[in-house]
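Two complexes come next, and they have one chain in common, chain A, joined by chain B in the first and chain C in the second.
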Partner chain A sequence: MMAEIRMREALRDAMAEEMRRDGNVFVMGEDVAVFQGAFKVTEGLMEEFGEKRVRDTPISENTIVGIGVGAAMAGLRPIVELMTVNFSLLALDQIVNHAAAIPYMFNGNARVPMVIRMPGGGGHQLGPTHSHSFEALYLQVPGLLVACPSTPADAKGLLKAAIRDENPVIFIEHESLYGIKGEVSDDEDEIVRFGEAAVRREGEDVTIVGILKMAHVAEQAAAELEEKHGISAEVIDPRTLRPLDLDTILASVRKTNRAVIVEEGWPHGGVGANLSTLITEQAFDWLDAPVQRVTGADVPMPYSRRMEQAAIPHEENVIEAVLAATEGAIGPGKGGS
Partner chain B sequence: MAQVPDRDTCLELLGRMCLIRRFEEEAGRQYQRAKAGGFLHLAIGEEATIVGTTSVMREDDYLIGTYRTHGHALARGTPADAIMAELFGRETGTSGGRGGSMHIFDAERRFMGGYGIVGGNLPLAAGLAFASKYRDEDTVTVCMFGDGASNTGNFGETMNLAALWELPVVFLVENNLYGMGTSIERHSAVTNLSHKAEGYGIEGERIDGMDVLEVRDRVSAHLEEVRTKGRPSLVEAFTYRYRGHSAADPEIYRDKSEVEEWRQKDPIENFIKVCVEDGVLSEEDVQSARDEADETVEAAVEFADRSPEPPLESLYEQLYVVGETMGWYAVDERSPEPHRGELGEDAPEKARDLAETVADRESEIERQHRPGVRE
Partner chain C sequence: MSEIVMPRLTDSMEEGVILSWLKADGDEIAVGDELVEIETDKASMVYESDLAGTLEILVPEGETRPIGEPIARIGEASPADAGEAVADGDPVGRTSPGVPSGTPTAPAQAPVQDHDHAEHIKVSPLARRIAKEKGVDLSGLTGSGPGGRIIKVDVEAASGSDPATAAEPASPAQSAAASPPADSAKGPPETVELNRTQSLIARRMSESKATIPHFYLRTVVDMDRAVEVRAAFKEEATEGETVPSLNDFVVKAAAIALRRHPIANAAFRDGHFELYPKVNVGIAVATEGSLIVPVIKDADHLSLAEISEETRRLAGRVRSAEITPPELAGGTFTVSNLGMFGVTGFDAVINPGQAGILSVGEVAEKPVVTDGKIGSAHLMEITLACDHRILYGADGAEFLASVKANLEEPGLLA
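Up next is the complex of A and B:
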């Protein structure tokens, strides 16, 4: 059965189903129990599972994650919610030096099956300490898995997979997507496996890769490119960045010969920087134009609505990048000009 | 002074302390010979704190430590062979050569690891204790850390959370008076570290960490309290390391006379004196404990020396668990082969190619800068 629900409900359902399935699964974080989550993602969980399994914590990010790591080493399956990705920086020691390193540095004699959920992204005027995108930061760390769902169905399927997975998972949610609706299966056995990209729209002329909210922006841009410029864009949402389904992306680029990567994070050392390198290294002979990157502005996120909007990529930025990549070779002309 | 226990217990305590002392001396020697690399932190002088603590723990209690934990693993019963082999970076080491001296691990004996980030093990200890409590088990976690760690944010966060959630942890500060080369008066506003417990509403006690019987007596009482009342406590064991912070420490921050003064309180010599005077042990018992330690450590060096290096094709192993939810991972995304569908077991081939390049480079570096004898 499918039902149309919001992304925050899909995430909540994923946790609730897995908690019913496995008594070792528990949730902890700042304001996840009584307050029911800063973004209301854990709504109803304390009521159903009680305070033993849905736990409010003090504001102690590094220790919250560390307790999760220790509990996971002892066989529990923690879901840790950090209130924003910016706050996760306070827990970087436990995430990078401990959660990611422990399985390897102890030669597989210890495992860290845990999920660290964190919302990020801009758009709500939360300013320079609550709005960033750190996918690229976590993507860099061997030992971590990184998920970045853009639809309610993927949010549920990936979170269920993350909870069942034996590895530490960084699960990045976008604040602006919590309210979007989508068809979600209520089959409790259904998961979305890590490392499988979704082709959101098929196309021939250019490949647009977008993550999180930018997967939607990419789709909207693709619709407009088709309509106004006669350009057929293929849109891919990688869904997980570690592992990264590079094959689907490379196959698309070999077909379209052009690639545009859209992300909200910073340009230097970003998701796009990494992916464009991989594409250039492995599909250079198929490329008809340099890989284009559309990224957030290279500044801490400004507060002013006007400036914040200018710092986040929009459809027109994607269209511009696609037109630069196609250089008038496709469609009736340069369009937009 | 605590009462002298029975003969078997005394033999056990003496045997473990002698083994740690001998192991650490030999580890230092093997480091000089460049058989062990990286950093090497020795616990010579701290044997009573370690052995006194582990000797009153239950088998199912968790122990977690720092980067100075060869002795803790030995005290828990981890074979000296596997620890020495880890120092040598060999496949037979406790962590298969992936962790080294600072990252000894033995889940079987519930020694939940040595950790290289000062204070990083405190949250983990709370997590282990949380798991015990979650499952209604009455196991206790003993978390050992240095005086320097008591200044980290983790200390404040974890003590608060453990007290708030009533987690069964004995936090045991091995106060050896120095955070690396900075003396306690120069690194902590409060030098009686047991007083730091007050801010979290838990019990704190300073004990003589050089006296194995006092450590046993007091840690045993704390274990009992924590086990029955389900609340954490803080024990500050006053101890001293005779060697530098690590093998690369010139020790310009302390006087030789201070080291000499502490040597008078040597945990092993003083325990021997007590046992012999009491009559529970004879000089022969002492000699045979020393001989046994010599033999065990000698055998450990031989074992480590003849153990194989980790195979290069295992470079990417144990990084992830491949399964139902994640069926593959790219060994190196830069490689030109298809990535999707690349199963964990296909990894070795690629890893070997990459690792061989690294190995060639390393042997070249080694030729150019043979480390020889370290100072």
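Up next is the complex of A and C:
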């Protein structure tokens, strides 16, 4: 059965289903139990599963993640919620030096099957201490899996897969997407496997890769490109950055010969910088134009509404990048493709 | 700052050589000043400036450039340049290169065009690959991409065959150009579009005849001994064994002679002689509607039997259309044989990038006078076409004599 639900409900359902399926799964974090989550993602969980499996914690990110690492090593399957991506930096030691490294340090004899959920992204005037995008930062760490869903169905399917995975998973949610609605399966066995990109729209002239909220911006830009510029854009949502479904992206680039990567994070060392390198390394002879990146501005996220909006990519930025990538190749007299 | 490009001074000109600059770098130029002497396919001509300003020479004397390539710039004194560069773009990006601007946008926009590398052709990786596959010369193309970058559409337009759009009807402009005048006295012609190979042949042969000063040296070879040796080979050959053809004898004889006469195993290129260490002999192979020249690599090191086998292999691959670009590349000399069609002799067109080509006629028994007596012998006419810019009369004659001697005494071919 499919039902139209919001992303926050899809995430909640994923956790509830997995907690019913496996008694070792539990949730902890700041305000996740009594208050039911800062973004109401854990609504109803304490009522169903009790305070033992849905635990409020003090404001102590490194400790929360550290408890999660220990619990995971001891056989439980913790889901740790950090209130924002920004706050996860307080727990970097546990995430990078422990969760990611322990399976390697002990030759796989100790596993850390845990999920660390964290919402990020800008657009709500929460300023630089609450609004950043750190996908690239976690993408860099070997040992971590990184998920970044953009639809309710993917959010549910990926979170269920993350809970069942034997590796520590950084599960990044976008605050602006919690309220979006989408068709979601209530089949408890259905998951979305990591490392499988979704082609959101098929096209011939340019490949646009977008993650999280930028997957939607990319789709809107593609619609306008088709309508106003006669450019047929293929839109790909990788859904997970590690593992990354590079094959799907490369196949698309070999078809369109052009790529534009859209992310909300910073430009230097970003998701787009990394993907651009991979495309250039592996599809160099298929490129008819340099890979274009559309990124957040190279500044800490401003608080002022207008400045914040100016620092976040929008459709027009994507269209501008696509026009730069397709200049001379598509348009009157070019015969297009 | 304006560019002066290699002008089209004759109809058939594709490239020009900068013979001499008549003004120096940094000179103030007025409109109408004699600027540069350019050698075209037909003659040397003086080109007058149609611009005024300070001259900046981009291409040194002696070098060759295709039509449309920049050869110099005429501009104001240098301080103006910086202002121009900043004025036409995003000031944040320009003043702090390497640091992305403060607005969310694509940071990969190309900076100001790099004028320090005038010889560098801007071409996308994809276009470069397609050009290589289709044998399109990038230096003659005009790029449609940003900053004049040559992109896929340009190469496909130049190659005239776009597999992706082959099924689509030609654009109106193309149809108009291709359709003949309606009132032709020859009657309505059947128009045949050239395939890629035919286009390449047309272009390279025109280029050869227009730019290479050909002259021809002819001699007659007594092939009696070669015919005898070949007959002996045939007698000795087991069932299914390859017997070298007389053309294989010619290829081997030429290869040995090329090794002995390096100036014939060479090319005139950009005002230089290029002498090649390897002797790679191309053999012209006719196919339906086309002509392909596969290359026997290191022919001077191969035995007659090896040359024979390699020739059959390559010809087979040409006829089955399986031949690949590497098998057609690297030739330093060419042998073209029309003897099997009963042609007694002919003058072949030099393959550009080589100093000569050997045309081979039929082997026929003919009367010969020796010491006042009429006898008969198997004779074969061979003609050497020479590029006079590198292979002069006496050198060509020595080379040709060497080929002849090798064929008349086949023991030399061992």
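Just so it is clear, the second predicted complex is superposed on the first by the 329 of 337 C-alpha atoms of A that agree within 3 Å, B and C clash if a C-alpha of one lies under 4 Å from a C-alpha of the other, contacts with A are read in each partner's own complex, and residues count from 1 in each chain.
By our rule, a residue touches a chain if its C-beta (ideal position, glycine included) is under 8 Å from a C-beta of that chain, and two chains touch if they have at least 3 such contacts.
In this text the structure is predicted, and so the values were computed from the model without any measurement.
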Chain B versus chain C as contact partner of A:195, first or second or both or neither: first
Partner chain(s) touched by A:44 [first = chain B, second = chain C, both, neither]: neither
Touched chain A residues, chain B compared with chain C: B
Touching partner for A:291 - first (chain B), second (chain C), both, neither: second
Partner chain(s) touched by A:299 [first = chain B, second = chain C, both, neither]: second
Partner chain(s) touched by A:320 [first = chain B, second = chain C, both, neither]: second
Which of chain B and chain C A:311 touches, first, second, both or neither: second
Partner chain in contact with A:162 - chain B first, chain C second, else both or neither: first
Which of chain B and chain C A:127 touches, first, second, both or neither: neither
Interface residues of chain A shared between complexes with chain B and chain C: none
For the chain B and chain A complex, residues of the former touching the latter: 62, 94-99, 103, 105-107, 112-113, 115-117, 120, 122-132, 134, 153-154, 157-158, 160-161, 164-165, 317-321, 323-330, 333-334, 336, 338-341
Complex contacts: residues of chain A adjacent to chain C: 257, 260, 267-268, 276, 284-299, 310-314, 317, 320-321, 324, 327-329, 333-335, 337
Contact footprint of chain A on chain C as seen in their complex: 99-110, 124-129, 143-146, 149, 151-153, 164-165, 168, 171, 173
Of all residues in chain A, those that touch chain B in their complex: 26, 52, 55, 57-58, 60, 62-76, 78, 93-94, 97-98, 102-111, 142-143, 145, 161-162, 164-167, 191, 193-196, 242-248, 278, 281-282
